[in-house]
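Two complexes, one shared chain (chain A), two partners (chain B, chain C).
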Partner chain A sequence: MSFLLNLFRSRTKHADITICGLDDAGKTTILKFLETGEFVETTPTMGVNRETLHLPNLQINVFDLAGQEDFRNMWHNINEKSDGIVFVIDRSNIMRFDEAKDVFEQTIHAQLDQDLIILILLNKSDESDVIEKSLFIEEFKLLDLPFKWAVFETSAKTGEGIFNAFKWFVDEFV
Partner chain B sequence: MVDLSAIEPASFFIIITSVINMAFSLALVITLLVNFFRKKTVGTFMLLSSYFLFSLASAFSIAYRISLIYNEGVMTDTIYQIGSLTPLIILPAFAFLYFFGCRHILKDNEIIKTYIFAVIMVVYGIVTAVIAYDNIYTHSLYSEPTYITKNVFAISYTWPILLVQIVVSIFVTGRIGFRAFRLARKSDHPIRKRGLQTISVGVFLYLLAWLFSALHGSIPNIPALMITISAFRAISYATAYVAMYLGWVMPAWYRKLIRKKSWFEMQYQQNTKN
Partner chain C sequence: MKPLSLCLINMGARGLELVKSFPDVIPTDSMSQLVYKTIPMGSNPGDFASTTFNDLNLTSYIFRIPTADQRDNLASLVAVFNTTDYDATSIKQVFSWVVTELEKKDLLATSTLEGILPKLYKGFSKGQFKIEITSTSTIKFDFPKQGNDKNGNAIDKLSDDLWD
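For the complex of A and B:
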């Protein structure tokens, strides 16, 4: 019986992931880069963009959430069903660093699933005067996080680090 | 019992194509039902209701024709009533389709929606009253069957009822089709673009099928001409149902077909192969 069940059971795993972060951090540009492999100019997201990645034995639904303050209170509705979170930070915008930290903490502390996987992208690495990765890890107290996480330096303009970041993330689900 | 040998092959051809069309519309209703249970949204319910009513109207139309053959072309009150139910079912079907369209494709504001709904209801009220009056007193809404046992399928509504249905269908489906076509042109998202294009094609094919239906009911009883128009009508209906299924439901295999592999998917596959 179990043989028959296995025969007809879908071998494709499904995972839902959300891309969060402050407005203008580059979330949609990253999503577009995953889709096209090149830099695409985007307009501010109103609501949610959705993209599906079909990988061998894995289908990932990516939800790109609008970063403006008005939209942030709806994040938890989508995040609580997520298997993973991608948090995007504009590493060149030191002025909004504290705001990003608050939003990150709120997002992470709202999570109940201990198996949650977190990918943090220090985006806009192509710009000058950016925060160092080690300093960021320290400031955001990532070492205290109870979840599996990783930080990657990326640029949705040049494509730097994007593949490696998402490959790590996807491999965690396989 | 009806003498089948007295019926021309054209009549058989027409009834078979009608049944095939019915099967296509029923298949669309079933897929919309599955879609509704999966999504459980007001939009999917409206779409399901609309196409369920279209199928029901189609079933009544076939039942009417078969009953006439079975009764050797003799029109009875019951057969006449079965036939006259079709426009009463079709008009609410278009109302449901219009409200579905308003949720996803059309941009009508609340005032326009209310006016249009009111107009459809008034038209519906008039048509109901006319059909009821005709059923009781005149029996004149259907054109007289000329060659009773040979080409009973030539019997159709007289122009006033047909005209109401054509105007409402062109107004609702034509607007949805045209708007879907315009949205498809503006859309950058490949799946959305192709979905809207498919809806647009489906809706226009549906209108074309309506046109053939209208012709079918108004041309002289020449078997070759009847068969040709019936064939075009059947093909238009069948392809319209298939296109509308693809456009409205957008099954996973169709999405996969439209969608090319993304940059990340290609890179990931290459990377895992190496």
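For the complex of A and C:
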């Protein structure tokens, strides 16, 4: 019996990922959408939410980090143990675009693991007046990143793009 | 069961922040640390927290509060004592009841809680309170007697809907 358990365990991979981004970008809402398949109203995250997603042959421990400035100094400690980072941006909030860019650069430059996988979500795609994906890639200098990355346009309200984004992300781990 | 102070904390742009304390007797440097003790890491709406900090004892109720044109915010009502001789269960019952009653009457808002904090404080001293929130809406509460039905449900003891 223990042999079978060990065999099963050996076939199930584990990955730790973190979800970062400015406050009110939609990080927890995206995580809730992944768990429930529907839009769930959330409140600001107090520090960190930890959830586990069980997928076939893959168990993902998700650390959903609070985006307020006071909490950002703890991101690095959690990110450095992560196999992948999901960075969420509210693409409709042009006013905080520069702040999001600064935080993204700080987050990425603090990473030492060259095998890190980065998923960037342009969230709130259901809103009007959003930044274009191509402009975003240029402004955030993503083509210069030394990591494997991808950008997806998502909406945690409608579910647009979320499953495709995480399918790409998960496929990188299995 | 008179607290040293009652506080209302919520999540601001940078992190947790004090909205109001009554009476305003806690030093600013202590308050900046205290706010982070009242809503522990990973806590969610509906949670209670009790902790000690320096020589202060805190009991808080964490809840969701509607915010105009934005998502609901995270907030806490906090009773601060300079003694351990208080009934934390009663504090929890009072706070959760106040929030539930205001929510039922569609009056749960930061401004409402700020406004009733002084009356709530006086109520803790008297063991009961009656607060007129608007000209047509009043809430009343009688604290359970200490040592008697400590674990009882305060809501069973409440007056019913108290619209004037």
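Operating definition for what follows: the second predicted complex is superposed on the first by the 165 of 174 C-alpha atoms of A that agree within 3 Å, B and C clash if a C-alpha of one lies under 4 Å from a C-alpha of the other, contacts with A are read in each partner's own complex, and residues count from 1 in each chain.
The rule is short, and it goes like this: contacts are C-beta pairs under 8 Å (C-beta built on N, C-alpha and C of every residue); 3 or more make two chains touch, one makes a residue touch a chain.
Bear in mind that the values here come from a model prediction, so they are computed numbers and not experimental data.
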- Task: Answer with first, second, both or neither: which of chain B and chain C does A:Lys13 touch in the superposed model?
- Result: neither
- Item | Which of chain B and chain C A:Met46 touches, first, second, both or neither | second
- In the overlay, answer first, second, both or neither for which of chain B and chain C A:Val170 touches. first
- Query: A:Phe71 contacts which: chain B (first), chain C (second), both, neither?
  - Reply: second
- Task: Considering only the touch criterion stated at the top, classify A:Leu55 as touching first (chain B), second (chain C), both, or neither.
- Result: first
- Of the two partner chains, chain B (first) and chain C (second), which one does A:Asp24 touch, if any: first, second, both, or neither? second
- Query: Which partner does A:Phe33 reach: the first (chain B), the second (chain C), both, or neither?
  - Reply: first
- Which chain A residues come up in both lists, the one for chain B and the one for chain C? none
- Note on the structure: Seen from chain A, its contact residues with chain C in the complex are 23-24, 41-44, 46-50, 66, 68-71
- Query: Which of the residues in chain C come into contact with chain A in the complex?
  - Reply: 11-16, 39-45, 64, 70-74
- Query: Quick one: in the complex, what on chain B touches chain A?
  - Reply: 256, 261-269, 271-272
- Message: Under the definition above, what is the set of chain A residues touching chain B in their complex?
- Response: 33-38, 51, 53-56, 163, 166-167, 170
